[in-house]
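Shown next, in structure tokens, is the structure this report addresses.
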Amino acid sequence: MSAVLSEANPDERRMLADSVAGFVRQGKDNNGVHRARAVKAGASPLDRETWQQMADLGWLGIAVPEASGGLGLGVGELAVVAEGLGGEAAPEPFVATAFAQAVLAGCDNAELVDELLGASATGDTLLAVAWQPAVASLALDELDERLEGGRLTATRRLVQPSGADVFVVAVRDENGLALYRLPCDTPGVTVETQTQVDGHAVATLVCDGVELGAADCLAAGAVGEAALLRGLCVARVAASAELLGLADRLFTLTSDYLASRKQFGAQLSSFQVLRHRAVDLYIQRELMRNALRQAVRAFDSGADLVAVQRAAARAKSRCADAALKIAREAVQLHGAIGYTEEADVGVYLRRVIALAAWLGNATAQRREYARLTRAAA
Amino acid sequence: MTDWNELSDADFRAQIRAYLEAEYPQHLRHPSHRMRWHEVREWYLKRAADGWTAPGWPVEHGGVGLTPSKQLIFTEEQERLGVARAPDQGVIMVGPLLIRYGTPEQREKYLPRILSWENIWCQGYSEPNSGSDLASLRTQADDDGDHYIVNGQKTWTTLAQDATHMFVLARTDPNAARKQQGISFLLVDLDTPGITIRPIENIAGHEEFCEVFLDNVRVPKANLVGEPNDGWTMAKALLGFERLFLGSPKQSQNALSRLDVFATARGLHDDPAFSDAFTTLALDVADLSEAFESFAAQVRAGEPLGADISWLKIWGTETFGRIAELALQAADSEAVLVDGQDAGDESVDVLTLYFNCLPTTIYGGSNEIQRNILAKQVLRLPG
Amino acid sequence: MTDWNELSDADFRAQIRAYLEAEYPQHLRHPSHRMRWHEVREWYLKRAADGWTAPGWPVEHGGVGLTPSKQLIFTEEQERLGVARAPDQGVIMVGPLLIRYGTPEQREKYLPRILSWENIWCQGYSEPNSGSDLASLRTQADDDGDHYIVNGQKTWTTLAQDATHMFVLARTDPNAARKQQGISFLLVDLDTPGITIRPIENIAGHEEFCEVFLDNVRVPKANLVGEPNDGWTMAKALLGFERLFLGSPKQSQNALSRLDVFATARGLHDDPAFSDAFTTLALDVADLSEAFESFAAQVRAGEPLGADISWLKIWGTETFGRIAELALQAADSEAVLVDGQDAGDESVDVLTLYFNCLPTTIYGGSNEIQRNILAKQVLRLPG
Amino acid sequence: MSAVLSEANPDERRMLADSVAGFVRQGKDNNGVHRARAVKAGASPLDRETWQQMADLGWLGIAVPEASGGLGLGVGELAVVAEGLGGEAAPEPFVATAFAQAVLAGCDNAELVDELLGASATGDTLLAVAWQPAVASLALDELDERLEGGRLTATRRLVQPSGADVFVVAVRDENGLALYRLPCDTPGVTVETQTQVDGHAVATLVCDGVELGAADCLAAGAVGEAALLRGLCVARVAASAELLGLADRLFTLTSDYLASRKQFGAQLSSFQVLRHRAVDLYIQRELMRNALRQAVRAFDSGADLVAVQRAAARAKSRCADAALKIAREAVQLHGAIGYTEEADVGVYLRRVIALAAWLGNATAQRREYARLTRAAA
């Protein structure tokens, strides 16, 4: 059972979870694991047909207001879908899209926001947030390349999905942090890519004197900063949910393997050491569920930004940490086969590594949590 | 008399909190080790006079008759204030047992004396060679007409030195097919000839447990609870929502808060190495608390607890251990002082934290046993 | 010809170091994954021409005849420079086996071709369902007059795709009382009809292992080594001082030094949290190295290695794992990049460190098996 | 076999180890564990008769030059005795005495040093080093209470043994750090005591305008500082050896218990989880041996001060850490009985806690190691 089902809107969320489960398991030749392997081999993580199906099911509009053509639901529903996709290691940029949408939802250029969210919810326009500076820091005050005279010369790292049609780019100007719309084909924009452990391309967005007009400004000053910070929280919680889905399946794969495999004339699951290690993985998974549940509740209950930031940092640190532990042990408990592509463990492990690091890993999130806690005290 | 169950949870909590704040002595709050009866007697007699000895017992037997949800609030409020535990086996175990399985005579004789603390009970389960394998117990109760003659030895009997009575699991049929069979449940007056109680000193220097030797102790058959040879079933049936409290976050929360006091006084939070370690543990406690609340919600909803509750005990006790270890490291060369470490206006006692964490992974079913249970009953791994 | 054993250890080391520094190609030093034969072929043919294929074999069989002590120095110097390993099962396993148990014809046929790398051997031990329980192997060799007919499947066969020959443990007596009995040791030419080799891709994207399918493969009885049904004894007897290298500190030292490069470039040593974690690991490596030296001294003194060597493998591989995990955390969101992380003038590849650490706790006898061995043979705990 | 036997002077060290083993095991009613329990119950850790025997055996003069009436041996021999005493949890202040002697050995007031060392080697005079400031720091530059006009007003914490006849007190004066002889009955000296986990008293030395004359000066300036630093290294290595002795016995007690005790109808040692945990303790003990061996070798080979400091910090951090791990697991693996005074585990555990913290615990030693390593780089 999903961690977030038992709280707000339990029935709706359960239906959604069932729908995701049904979707991701369709057909062995194109299920999530299959598509993830294809991405590792060079395919785009964006299988257009699959993406369109997800749009048609409404998932790309979950957190988009109804007025903009979305479902107007919350982080809980995003988490349900992300967990389901994680369960099948599906490579689609669902959480990255949720990140961009959440940032947009906090912006105050209503017309532009509406247009972008609408196009994103239908699957027509792929969005990505470009916010980390060249040395991929998490601290917004290290974003020191400024927008001057309406032109931006700056580098933004680790942008996902790399094939976005429109970037939501974070810049500094005289009022503080601002967010701008930046179509990928704007003159002066170069998109370089690097390959990530799971085969996904991540972009380095290089802006060389790119013109950013007032019409492209999504939000500025305090509004812009809050939009980015809140968007980061949504993304971290959605990533935590995907990590839970991945870890949960790794746990199941591993206990099934222990229960089915024999060695020295006995089932692996009869060896006490392996039984206890399986229990320790189970505990890690339970911790993930609990950390995720409180984070979703923070959003459901309309907590303020700092409370949401703390809840998101807590969820992401736990989920990143526990998922890596579970994935690593899954390899070990599978033995040699776990280290090969014969098993699915590697597909899940690579995605866990990628998501655990995305937007700040467990160590970084714990520091963020400590910082916020001390600031609040 | 107030029907407490009629109150809203919030009102009930407020009233209980007010009562405890007003009545529970300041100097007994958050004790660092298990209190002896003479230390808490006055408070518990006052509570008995106010009718609060047995919040969970039915009203007709002298209890308050609280719903599980209200009982939980009562317990939470006690924990919040750090109310010392009584030698409460009579309230927790014997009362519910007699209400369910006892004869009218047994109820009439014992229940009022439990409520008034005239009788104080201890638990005669563990034996020197049974360890975690309780069903292998060897204390023997031989049929001698209208008495049993009991011979054997019990151990880890919490506060037997303060008790007047002990309930005992003893083997009445040594030839039973399974070791869980042939065990009976007996009520024993500790004044009976043949009983010797010897306190066991623990490594922190306290005497929380005892050995109890039974040498040809004559126990009237009237003191048999339930059917002969059916003691194991009854003992198991009594494991109720108290299991939840083996996974309570209170010890960890308290330990973390003591460490926080020390760290704040010594400026340790400015050291990123300490801060990272502390935050990791703070999040471990936070997730423990969240999980505890989730299990507590089950209890509140009247749902039975499953075997999965075992993970809470593992995580809670091991988190407590990690906090105690960090505290020991944080205090560095001062950690050795038995009277604690200065922390601004307060004193923090890292040694006591450390010694207190040690038995938690052993008692209440060792963490190894809990992992066995989870592997079998929750993960259902073929063995 | 120089009698290398006559040299002092220091002189010998100096000469070997000079030779390797001069001859071993720069671009092949400290490779991040196992090299294929075409990548190292040129170097090993040069070495063969210089007479250095088999430092440990006796001179009369074409080896250098080094003492264990000198062999160790040779190995240490190779490790120091990060010399890539050849597909060297012929040198390590087949040669010593034939020298000890082979017929004159077998020696004459195979030893020179091993020394010249005309024949490249791989090891056909593991099977899909045998895992750590090697003796449960099921590959069958049926007697067919002057041939065996071999059927079965081997797996985790390192670099079989580069080999010309494979030595195979196969069951020749399925009715033997113990599963370790009834196994024979066969030499198989991989060109024999009925053999299919399929590389296995590992999760880091490399093809280091293969599956080898044997379908009615006819193996001349002349290729049986030793007595029929005596293969297990021989396979075990061949485990020599190479076991020492399962516990080599080199991987950990290398990983620590890569992490150090990254940390220095990024200023991480100024962060006490990182510094504490790094120092802990540096000391773990230091104590591993000290222990390795102590076991190496045993080898140098000509003493056999005991089962206690197993702890070195556990500690070495688990330390490597902790270093890789710290590196992954240290690189934070950049850790995901397959082309490595910028570190000043260099690039550090934390993902490769991480993927490389994963199989080390599995191969060479998983760490669980090593703990079983230690519990039984060193601690002698009754089972 | 002791960790340090196989290196320098193996035969002599083996004889010494045998002699210690014979000594500490004498008579059940007065062996080390028995005496340690007595100390916990209030007795002095200095059983005068036992101490005199140790003096007669020459142990109190191991590292004292022959000219001063000692044996003129080294840290390796100190370690052999300390390990042996640890094996029986003997409470005698052997390592504390070695600390004071090692500090004295580095001082340059030859006559005074000779007198104190001689009296210490015979067991007549009990010495203790008083060097930690009020907030028990390890950093010598935090010793900021100065000797002014020949008078000292200062507090020195955690001094052992508390019943010392003569203190070697570290003070600051205009030339830096100096060491002085301070008899316990000097006017203005107050010795307050606190109880330590193993029952030993530790002293807080309060000096209120105590007169310290030039004749009492043992060493000043760079010589004094080096003497204290080198003495700390000797003490840390000796403490590491005692920790090894304690941990080794805890390991043996635990494996013997597992091998002898039945539960669920089987020997505890037949449970794979417990077998593997015993193996992990064995590995910890092996690591202690290796860390100790390199430290003794650093002394044997006459390494410079920084090298010796690093080696000592490395040994102490490993031994403190591993001994605590072993002790904690020993309690757990013994089950309930391990938490009581019925078993000997608690006696060993308490001594481990005390020694692990003495002169800086594992965390502090690792920081010291990192500092020295970076300074050397």
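Just so it is clear, A, B, C and D label the chains in written order, and each chain counts residues from 1 on its own.
As a convention for this text, a residue touches a chain if its C-beta (ideal position, glycine included) is under 8 Å from a C-beta of that chain, and two chains touch if they have at least 3 such contacts.
Going by UniProt, the chains are A, B, C, D = Acyl-CoA dehydrogenase family protein.
Note that the structure is a prediction, hence the values are computed from the model and not measured.
K.L.:
Quick one: which chain's Cα centre is the longest way from subunit C's?
P.N.:
Relative to subunit C, the chain with the farthest C-alpha centre is B.
K.L.:
Decide which interface, A-C or C-D, involves more C-beta pairs in contact, and give its chain pair.
P.N.:
Looking at C-D and A-C side by side, A-C shows more C-beta contacts.
K.L.:
Starting from the mean Cα coordinates of subunit C and subunit D, work out the distance between those two points in Å.
P.N.:
Between these chains, centre-to-centre, one finds 44 Å.
K.L.:
If you average the Cα atoms of subunit B and of subunit D to get two centres, how far apart are those centres in Å?
P.N.:
Using C-alpha averages as centres, the distance is 40 Å.
K.L.:
With centres defined as the mean C-alpha position, give me the subunit A-subunit D separation in Å.
P.N.:
53
K.L.:
What residues in subunit B touch two or more of the other chains?
P.N.:
272, 275-276, 368, 371
K.L.:
In subunit A, which residues are in touch with two or more of the other chains?
P.N.:
271-273, 276, 363
K.L.:
Name, in rising order, each residue of subunit C that touches subunit A in their complex.
P.N.:
Contact set of subunit C toward subunit A: 126, 129-133, 136, 155-156, 200-203, 205, 209, 321, 325, 328-329, 331-339, 351, 354, 358-359, 361-363, 366, 368, 371.
K.L.:
Would you pull the subunit D residues touching subunit A in the complex into a rising list?
P.N.:
271-273, 276
K.L.:
Would you mind writing out the residues of subunit C in touch with subunit B in their complex?
P.N.:
Against subunit B, the touching part of subunit C is residues 271-273, 275-276.
K.L.:
Contact residues on subunit B for subunit A in the complex?
P.N.:
269, 272, 275-276, 278-280, 282-283, 286-287, 290-291, 294, 308, 311, 314-315, 368, 371-372, 374-375, 378-379, 381-383
K.L.:
Can you list the subunit D residues touching subunit C in their complex?
P.N.:
Against subunit C, subunit D makes touches at 255, 258-259, 267, 269-270, 272, 275-276, 278-280, 282-283, 286-287, 290-291, 293-294, 314, 317-318, 363, 366-367, 369-370, 373-374.
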